[in-house]
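Okay, structure first, notes after.
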Amino acid sequence: METTTRAQGQARERAELAALDDATLREALLRMHLIRKFEEAAEASYMRGLVHGTMHLSIGQEASAVGAVLPLEPHDYILSTHRGHGHCIAKGADPSRMLAEFFGKETGYCHGRGGSMHIADVEGGNLGANGIVAGGLPIAVGVGMSIRMQKLARVCVVFFGDGASNEGAFHESLNLASIWRLPIVFLCENNKYGMSMDIAKAMAVPNVADRASAYAMPGATIDGNDLPAVVDASKRAVARARRGDGPSLVECKTYRLRGHSKSDRNLYRTKEEIETWRAADPIARLARELEASGRFDASTLAAIEEAATRRIDEALAFARTSPEPDPAQVTRDVYAQ
Amino acid sequence: MPSDVVPAMRELSYAEAIREALGQAMERDDRVFLFGEDVGIYGGAFGVSGDLVHRFGSERVIDTPISELGLAGAAVGAALTGMRPVLEIQFSDFMTLAMEQIVNQAAKIHYMFGGKASVPMVVRLPGGSGTGAAAQHSQSLEAWFAHVPGLKVVQPSTPHDAKGLLLAAIDDPNPVLVFEHKLLYKSRGPVPADDYRVPIGIAAVRREGRDITIVAASVMVVRAQAAAERLAVEGIDAEVIDLRSLRPIDFATIRASVRKTHRLLVVYEGVRTMGIGAEIAADIAGSDAFDFLDAPIARLGAAESPVPYNPVLEKASVPQEDDIVRAARRLVREGEA
Amino acid sequence: MAVEVVLPKVDMDMETGVIAAWRVAEGDVVRQGDVLFEMETDKALMDVEAPGSGRIRGLAPVDGEPIAVGTPVAWIDVADEGDAVAESVSASSGVPEVAPAARSVAAIAPASPIAADADERTQAVGIRATPLARATARESGIALEAVAGSGPRGRIGAADVAQHHARAASQPSPADRLVPFDPVRRTIAQRLAQSVREAPHFFMTAHVDMGALVAALDAHRAAAATTTRASVTAALVYLVSRTLVDHPMLNASVDGDAARLHRHAHIGIAMDRDGDLVVPVIRRAASRTFDDTVRELGRLREAIASHALAPSELRGATFTISNLGMYGVDAFTAIINPPESAILAVGRIVDTPVGRDGRVVLRPMATLTLSADHRIIDGTAAARFMADLRRAIEDARALA
């Protein structure tokens, strides 16, 4: 079991930053911006009444999403959560089709049938966001079995939250993955709260990764808002899985700056807490570090952000002008032919 | 052999027929594998898997921990990524532990993802009462799953159908639940040696008749056929229909039969209230076959209680051959349901 | 795709209609809205229009037979598939559209047999019967009220209907012969039963001296301009029609809450054809000369005998004369033919002792009995008519 303090993190950070080349960092930052802009655009659209239902925003969690996915190949799999827009974009999904899905349009990834919580980009290796807490964990076990049986050199990263680690499915899945040495990375985004339940009150141990030893797999708790640290931990877990050495549990400690869903009034946490974490905004942190270390100058950083903004604007326009599905087709695709 | 000599078809037990289906499927298709509790070295709790582990190895006939939810999810994940898993849940009652993955994931993924992904998995479920296994190991819950769009549900009543329906289920790109009946495992019947299918969604007329239509599934078909022979002696000519599929139900065959006989009795082992008999009665009452009814529609189902332990009570809690005879006689002679 | 042309139901209680004449021929190309045939109902002659455009075939024969409403009487092969679909006609359900105009209607079929039987169902409310029993009863024309149910709570099952049907059809003695109604007999039975049910009949008798009439007929025959022998019936047609001019209420029909006074007197003459009652009609009898009347009557008799009578010649009577004198009948009362309001029954002419000028003399007397519908004809109105008729007959100087 590993934990990093802030100070150690500072030293590690530089080495971990050095391990990443410029192209990779540019891509990572772009993706983080894309996620941020995407979430903000989705939020604004929701407030304008353009989005049905609700949505679970991951603003503030961009580093754990992008960092976890960065070491993956295109054919590797991810399984995501109800708070999965970031995972989806990190894995290379098209923001236009994602937003169209939120708008319920026929051009969305799921033709408007799935919505925000069930976004999937199967060709891109994203086997779907999941509306059931811990729903993806047993599925990941099956994906791992499938990879082994087909003798593919692939890995499956399954995201889940702190709350999910108290579901029976979590325990069954880690046990099964361990006894069968499945190529899975169990990636926990511990953002401190279920919906309103503080994880400290909900969980018997202080860190989710403390549970790894119960299932005979390595566990790591890291600063989930530190992109290079997340990449580093993810790389190691992915490599282990690809080697055939089995699963790992990686816990990214992070924070969601918005409520659980759009109806959350944040009664369970303080404004101070939110502000403290806002100061630890992963995108700002990375940008500062990149500038401080001389990797990118201010205008490059601005250009990256600008590119993200443009892309999301395009996505919005696409989503707005896309057609609605035909009600007569409501039972289409219930069964595969 | 001279062409006019037809070799008598060999007989297998229902359990042997299922084993043969699994063996033939695994031979022909590397993607098919069997997993579940005690299916390997033990040969299956009801002796169904037998020696399959010796023929195909422990990587394809996999013994698992007791983790129904995890296993159901694993079946989903494996099916999602190119395999054709067959999961044996030791008692159909334990589907209650797997509900989340079966109902929220397996049944819905194809639809939620806009037709992009499919879940070609099979779950085999020994179910039903009569072995003294008492309330938590004797239920008939197939109606719950017949209520879920996205699932297919079948119930073979003969060894021939046990093999043919299982092979059809393995071929089907959708999640298929196969409810086997514990009391039928030792029943014997002709089973062709070749690789054949019994199509899902087609009922079988087991006995033609003119006076009353008796629709039944699973072990109730056997009881209904025996009842029909007794009814024939007293001048009531019963038509016995074996449903074979509960989702989808072959309403066309039932309607055609009712148009001919004018009387309908549905016999099933699930609890009578809200069971499949209710669905069939409603379909007939709402279809053109209504005009041909000459008596109310009768249903025989299990009692409104958990399955009792005491053998006399256990028998009394589900329809038996005598009950079918009495109900048919009452419907034909008195016109009462 | 073929579009059905059905015999349309145009009146609420209409069950059958008769094709009077086709206006198109087999194989003609017709356009939607063209008049295809004339249909006779109890009320009037109606034009039936084409429900679609195309080539018409399979024209039903014009034989005066009543045809059930909704029965296809021809088919139109629609040329263009698209048009056929737009006209939304299917073989089983008929044509739903087109608003009927005053005298012409497009072919409209009932949507389903069940809709056509709505009256029967409302009558049957409160009767327990299985769906099969109801369907069987409907098809066999059996009223459920008449069936005894043997099921629980008196429920009528299919077996009960079948038993009822068999019992109704079975005869008291094996020697009896069952002669099922043909359409004509059925119509007669229905109409006359209806007449007796609905029209309050009263009867008025006059013993009339036919001497002058007979003499005039003899004179006419001698000077015969017609090849046909003038008969007493012809003379009565001539005289009754002129008398009706002054007694319009006897040449009228009950129409809802009103009496419809017919403009012309079309006199029906009850005749026998092969044991069936047929009533050919002499139209506008009051306008015809006596010769014309004789000719027309002769033509009708021949047409009846040779089965060449057009259906239109059997419809539209406003007053009927029934003469059974040739059978030796002294007197009888006749049932009014609906929708007429009166009928004159004529007995044989027989030399009868009557008192004249204080002495008993033998005169050729006939008993005329008028049946009249008391809804619109009162006793005195009938009496006046009979008085005028008697005068006309007894005064028959010349039948011109």
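In order of appearance the chains are A, B and C, and numbering begins at 1 in each one.
The working rule: contacts are C-beta pairs under 8 Å (C-beta built on N, C-alpha and C of every residue); 3 or more make two chains touch, one makes a residue touch a chain.
None of these values were measured; they are calculated from a predicted model.
**Student:** What chain is most central when centres are computed from CA atoms?
**Tutor:** Centre-most chain by C-alpha means: B.
**Student:** Among the chains here, which has the CA centroid at the largest distance from subunit C's centroid?
**Tutor:** Result for the farthest chain: A.
**Student:** Please report how many Å separate the Cα centroid of subunit B from that of subunit C, as a whole number.
**Tutor:** Distance between chain centres, rounded to whole Å: 66 Å.
**Student:** Return the distance between the CA-based centres of subunit A and subunit B, expressed in whole Å.
**Tutor:** Result: the chain centres lie 42 Å from each other.
**Student:** Just how far, in Å, is the C-alpha centre of subunit C from the one of subunit A?
**Tutor:** Their C-alpha centroids are separated by 88 Å.
**Student:** Can you list the residues of subunit C that touch 2 or more other chains?
**Tutor:** Within subunit C, no residue contacts more than one other chain.
**Student:** Spell out the residues on subunit B that touch subunit A in their complex, using ranges where they run on.
**Tutor:** 31, 33, 59-60, 64-65, 67, 69-83, 85, 100-101, 104-105, 109-118, 120, 149-150, 152, 173-174
**Student:** For the complex, give me every residue of subunit A touching subunit B.
**Tutor:** Of all residues in subunit A, those touching subunit B are 77, 79, 108-114, 118, 120, 122-123, 127-128, 130-132, 135, 137-147, 149-150, 168-169, 172-173, 175-176, 179, 331-337.
**Student:** Taking the complex as given, what residues does subunit B use to touch subunit C?
**Tutor:** Contacts found on subunit B: 262, 290-295, 334-336.
**Student:** Enumerate the contact residues on subunit C facing subunit B in the complex.
**Tutor:** Touching subunit B: residues 130-135, 151-152, 155, 157-159 of subunit C.
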